[in-house]
Amino acid sequence: MERKFGEVVIDLQNISLSFGGVKALTNISFDVRKHEIRAIIGPNGAGKSSMLNVINGVYHPQEGRIVFNGQERREMEPYMAASQGISRTFQNIALFKGMTVLDNIMTGRHMKMNCGLLSHMLHWGRAQKEEIEHRKKVEEVIDFLEIQSIRKTPVGRLPYGLQKRVELARALAAEPELLLLDEPMAGMNVEEKQDMCRFILDVNDQFGTTIVLIEHDMGVVMDISDRVVVLDYGKKIGDGTPDEVKSNPDVIAAYLGTSH
Amino acid sequence: MNTANQTAAANAAPYLSVNNIEVIYDHVILVLKGVSFEVPKGGIVALLGANGAGKSTTLKSISNLLGAERGDVTKGSIEFKGTRVDQMTPNELVKRGVIQVMEGRHCFGHLTIEENLLTGAYTRSISRRELNDSLEKVYHYFPRLKTRRSSQAGYTSGGEQQMCAIGRALMAKPEMILLDEPSMGLAPQIVEEIFEIVKDLNGKEGVSFLLAEQNTMVALRYADFGYILENGRIVMEGEAKELANNEDVKEFYLGLSGEGRKSFREVKHYRRRKRWLS
Amino acid sequence: MLYREAGQFKASYQEDSQIFPIRQDRVGFIALLAFFFLIVPMVASQYWLQAILTPVLIFSLAALGLNILTGYAGQLSLGSAAFMAVGAFATYNFMLRIDGMPFLMAILLGGLSAAAVGILFGLPSLRIKGFYLAVATLAAQFFIVWVLVKFPWFSNYSSSGVITAQEINILGYAFNTPESKYLLTLLVVTVLALAAKNMVRSTTGRKWMAVRDMDVAAEVIGIRLMRTKLQAFAVSSFYCGVAGALYAYTYLGTVEPEGFNLTLSFQILFMIIIGGVGSILGSFLGAAFIVLLPVFLNIVLHSFVGAALPPGFGSNLELMIFGGLIIFFLIVEPHGMARLWQIGKEKLRLWPFPH
Amino acid sequence: QEQYIGLPSYRVGPFGSNGASLFGGWIDYMQMINERDGGVNGVKLTWEECETEYNNARGVECYERQKNRGATGNSAFQPLSTGIAYSVLDRVAQDKIPMVTIGYGRTDAADGRVFPWVFPMITTYWSQASAIINYIGSKEGGNDKLRGKKIALLYHDSAYGKESHAVLQRLAERYGYQLTMIPVASPGNEQQAQWLQIRQLRPDYTILWGWGVMNPTALRTAARTGYPREKIVGVWWSGSEEDTIPAGDAAKGYVAAGFNPAGTGFPVIQAIQEHVYASNRGNMEDRSRVGSVLYNRGVVHGIIYVEAIRTAQEKFGKGKPLTGEQMRWGFENLRIDDARLSALGATGFMPQLNITCADHEGAGVVKFQQWDGAKWNVVSDWVSGDRQLVRGMIEESAAAYAAEKGITPRDCSKEM
Amino acid sequence: MTFFFEVLIGGLLSGVLYALVALGFVLIFKASGVFNFAQGAMVFFAALTFVGFTEVLPGWTGMEPGSGGVFWLSFALALMSMVVLGIATEKVVLRPLVNQPPITLFMATIGLTFFIEGLVQAIWGNTARGLSLGISDEPVMWMLDEFDMMISKFDLIAAGIALVLFVVLALLFQYTRVGRALRAVADDHQAALSVGIPLKHIWAIVWGVAGFVALIAGLIWGARNGVQFALTFTALKALPVLILGGFTSVPGAIIGGLIIGASEKLAEIYLGPFVGGGIESWFPYILAMLFLLVRPEGLFGEKHIDRV
């Protein structure tokens, strides 16, 4: 199947990041094009999560340039990244534990809401109207991810897989342009992975969202991603279509092993 | 399969047996509704099932870690080597050789990797030398940990933490390990390695395993026996090989259909209902 | 079987997001309000109005303030009493120094002054977390009281540092009976409690909770930590400030800075923890518990078994039982009385089936 | 017939040990009156304690709880805490219950015209401050010798500690001593900095205006920095066994003011021993503290109450319990002269008292005692302050209060 | 200049004594993540129990009041009481609250505070008492002669005792199996359980050790200020020390103590007069707070790890 990709959305050039003595990323460059699903793979501790953290401003790389939508930036706080349309999910679930599923997702949408404190205190009128309007949007996301039945459940009580799904919902509620997914399918069984893939593909298709995906399940990566970056010990050792990467000897040695 | 193991398993009295337990969280949320199964000595038993089926809860009720989450075993009994263990503290259980590797790593964030591993040997009163030997063995299994031995665990990557958690349990020199989702977040190579380690420990040292695993494919490849848990009930059980060939298991847990592996891209929105969810 | 929501369908999101989505709760709440507004002032004795209900309401408000900060926004604070003091002294000075200042306006301004001070002392929260922050807020506790003692201007140069609240007069009606003071307090507290409920079920509240539950994730989804935390400090201090003003005007009548001491701050903290961290209802339950329990113990120990106990022992026993009960409650339900209430309701919903 | 007396006491918390002695003495005296005399003209005294923990809100609750108890309601309120006293100041007038604050509370309430319901009896802080200066003057051989002397005031940094500032400053202007005021932050369990300052300053006298743990700490730290204890003059809340015993040897030589001396030699204390402790009815857990300064102060409270009841009964009918209003009259017309004191077995135990409509203070004198390492010894006769100066200041302050609250002072010539 | 040094040294010595109280907090926080509000009450409990025994023992045993025998026997009995208190606390309060949020545990220790305060006064009464350790409180003479500085002998000795305690505990934490287990427990109760660390023993040990530290602190502070309820306020002096040094660090407590002790005295003397004095109540807190702005986890505290 041929897929059409647009221009470069984000371009990472010569990124290096280290923590004290640990070099998490060394001189890494790659780009992500509009509407594509870009996977990052690599052994544990290779620096994949760190890469996502660099993209949305949680980590500030010591060296390198990031060009997002044509604008170059070096340092940027995470909330700015969010306001420019970058959303993400986390490797270790980072939901707001004390809140219900619905509230979590509504929080994800807060940037689109602009009532102030006082109208919130009053509630009736503007704040209520806004709340209901956005509730509708959020319900769309809920329908989309098929989590209607757990709307009012506190997220802490949910099983792991559903929590991951709620996290995705929260990210989607912001209607992001670029979606960063850190191991969204870890800890899921095949059935759930299939669901998750379906959602990711649908998001990508229906909303045209660009996706950067970290995943260890090679089945998934090879099936749904358009291009793959391979990291190892903070260095880039491969980049290309799934098929190219699959046959790259460096990648086989460092990551895939012989059984694949 | 290891035939010696199997016969031994068949002859021995049940090693770990869980009889009809019921678990309630917070006094109101009923999660396990009468679960019973056995793990024979030297066996590897896999506990499979969807998210929220109650796998972790089962493991935690065996290792008695439920109390810390305000959960309670309200019915049934758990026996290990013929003695009831459901009222024992986790410490006593570890001393008797049962240890759990918790889901979600739970490393001690402020301790270094090596200190994390050393805490695993807390229950063993052993000399410094033996301790070092044990450490070396773990480092031998997970070379990656050795390179990060003096980093604070909180700052290591997800996979490194997973290895740390497993390594920490090995330090206790257990007879029986309750492994909760060992493969989560690990690179495929490491997953294989970890299961090789499981097989190795099982074969060479006779350690028994109870695995809760989502990666059914791998789990069934290494396990002798499997139970499938859904909604707090055991819905299916059988030899691992049989299960792997069961049509339903194939479809729902292995992602295989009649024509072999389906691409994740091709999956449909609507699927056949599971038969046991009538 | 009575407490069921079966048959109550929500046809719109508006209905679904009501404060009390279940009809029985709604009816109950209205009945409760009617009881406290209409019946209580008629039947309650002066003792109940002045010494129990009014302080419980005021402490509830202060607890609500702290709960906004600690329970919802996750910033542990031990300085609530100081913000109450700011509210009380600011209100006093607005009343004193501006001719014809309407009382409610003065209270509002008093609350706002407390909010301003709250923002100031909230600044460290941007970097400091958890118990470190708690101890740092002690700085506010001691510093504010010190300032109020040290600069006599605040107490209008009264030689003792004590301020005497002016008469409360709203639209020509003097609030000088226990009933009227109680009603005024109840009104202010009800309005502010509803406002608080509205806040916490809106984006404002969700942002607070997000920061509380996981600040890194909150920042990543675009929440400005600084603004959100300071906002929580401001709102919380506002509530505490208003509570302080009521404490001076409708409860004690005369207050001194030292009255707003660390003990009071701690008491307010007890209230939210016993009542339920992150719960509006909990603030009220906790305040009632912490105010009533010692009184109850005191009456029981001194009036009924007092003669049998050696002097002093009764008071010590009171302390021990109070401490013991706090521990007992936490063990029974670490999330406070509000959660106990909730679990009770859940059980009631299932009743008569066990699960 | 019973006369109900509500006692908002505190036996726990930071000042619990003070409360235990004081309320103990008070209760023992009332017990003694019941045992020995069968009450006051046949009216038995009954009392009920209510634990306040020295906390204002709980004090108010106690006040409200007790105000309608007994046959006639609570007939007088006495919380032994300035904070609580302030908190019920408005209420007592409304409820027509007199409030007695002996040795604490609002000083300007001594002006009975503005504060008809408040009785800060015996002496006020301002009288005390002035009396202390007079005492120091007498040690130096006359107040004119004070010129050029250095006096330090080490005070509890609170409203209480600052009560004396105005008086001491005015007197400094008059007598020409140099006054340095050094605050100690509450609770005062560390005073290194303050005493180093004092050591540098080398004042001739240091007035210790403390409360609770601040007192023993001051004495200990003084010892440590070598400041002679004989030169420290404490106020009555700094001059009890609770302050000196914890300080150990460091307290030896320390002088403090008081409106009652310590000691068990007084007939009134003997009577308590005989009628109460002999039959094991005493209220003190630690019997060795019977006769301590605070215990005796409690007895003084008892005497004043009983005498006021007696006085009021003369007017309103013997053998009947009194209402708050009647009690107020009793307090306002209380006269305890030497003859009465000796009849009470309290000669030298407390000063003569003469309360009038305008003057709710009634005595304005203190005695000084010195701690010898084991007990307090009286070292002066009753010392009066500058009555005129103090009264002037009281009236000034009361008038300001009256203006702020819109109170028209009573005209005392019309009373009776 | 002499005066300055006098103030400085006096401040440093006081600081060590603050740190001694802070140490009790550190121990328990480090070992269980519990901010033990009851530490002040434990100091009071220990001191009063000790004094109580010195008062009753001569009557019971016929020993000479004030003799060494009475002292050591009282010390032993007080220590035993602290250990019993620690074990009881573990059993009744902490065990049922395993894995609960820190604020809940904090609150439980507040409940414990009331309980302890009531209990100890119910047993021994609430009279204020003196306590003599037989160490004179006079200035050290040669310092006075040589430098005209007054440094209290008592403070010097007390600081010495405290320092020894610090060194021992710091070593214990860093290098022993139990020390490691303590730190593990503080990180994650449940995981600690899962590897077989017996929480109840660990907590009983820690609370016992904290009780011992409280006893030492109680004796020293009791000798300084008398044994009375106000001993519980020593905790207020310890809190700024604690945050400045870091909740989890034994060396942090001592260094924090030195900084707070010295700077609060200097501030009171050199800064106080400009603002009316009495700034000791808040100065340490403001100082600690400013300090935290630079290092949010205190001088030596463990960094808060948040990773995504």
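Letters are used for the chains, namely A, B, C, D and E, taken in the order the chains are written, and counting of residues starts over at 1 for each.
The working rule: a residue touches a chain if its C-beta (ideal position, glycine included) is under 8 Å from a C-beta of that chain, and two chains touch if they have at least 3 such contacts.
Keep in mind the model is a prediction, meaning the values are calculated, not measured.
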Inset, instruction - State the chain with the largest centre-to-centre distance from chain A, centres being mean CA positions. - result: D
Legend entry - Chain located farthest away, centre of chain C as origin (C-alpha): B
Inset, instruction - Indicate the whole-number Å distance between the mean C-alpha point of chain C and the mean C-alpha point of chain E. - result: 32
Legend entry - Gap in Å, rounded to a whole number, between the CA centres of chain D and chain A: 73
Legend entry - Separation of mean Cα positions, chain D and chain C [Å, integer]: 36
Legend entry - Centre distance in Å when chain B and chain C are each reduced to the mean of their C-alpha atoms: 47
Inset, instruction - Mind pulling the residue numbers of chain B that touch at least two other chains? - result: 155
Legend entry - Numbers and ranges of chain D residues touching at least 2 other chains: 11-12, 16, 20, 157, 185-186, 285
Legend entry - For chain A, residues that touch 2 or more chains besides their own: 49, 58, 90-92, 94
Legend entry - Footprint of chain E on chain C - complex, ascending: 70, 76, 124, 127-132, 134-136, 138-139, 142-143, 145-146, 149-150, 215-217, 220, 262, 266, 269-270, 273-274, 277, 312-313, 316-327, 330-331, 334-335
Inset, instruction - Name, in rising order, each residue of chain C that touches chain D in their complex. - result: 46-47, 50-52, 55, 146, 149-150, 159-162, 164, 251-259, 263-264, 291, 294-295, 298-299, 302-303, 306, 310-312, 314-316, 318-319
Inset, instruction - Would you pull the chain C residues touching chain A in the complex into a rising list? - result: 12-14, 17, 195, 198-199, 201-207, 209-210, 212-214, 216-225, 231, 235, 278
Inset, instruction - Write out the stretch or stretches of chain A touching chain C in their complex. - result: 56, 58, 77-79, 81-83, 87-88, 90, 94-99, 103, 106-108, 110-111, 113, 115, 117, 120-123, 127-128, 131-132, 135-136, 139, 170-171, 174
Inset, instruction - Spell out the residues on chain E that touch chain C in their complex, using ranges where they run on. - result: 35, 92-93, 96-97, 100-104, 106-108, 110-119, 121-122, 125-126, 236, 239-240, 242-243, 247, 275-276, 278-279, 281-282, 285-286, 288-289, 292-293, 296-298, 301, 304, 306-308
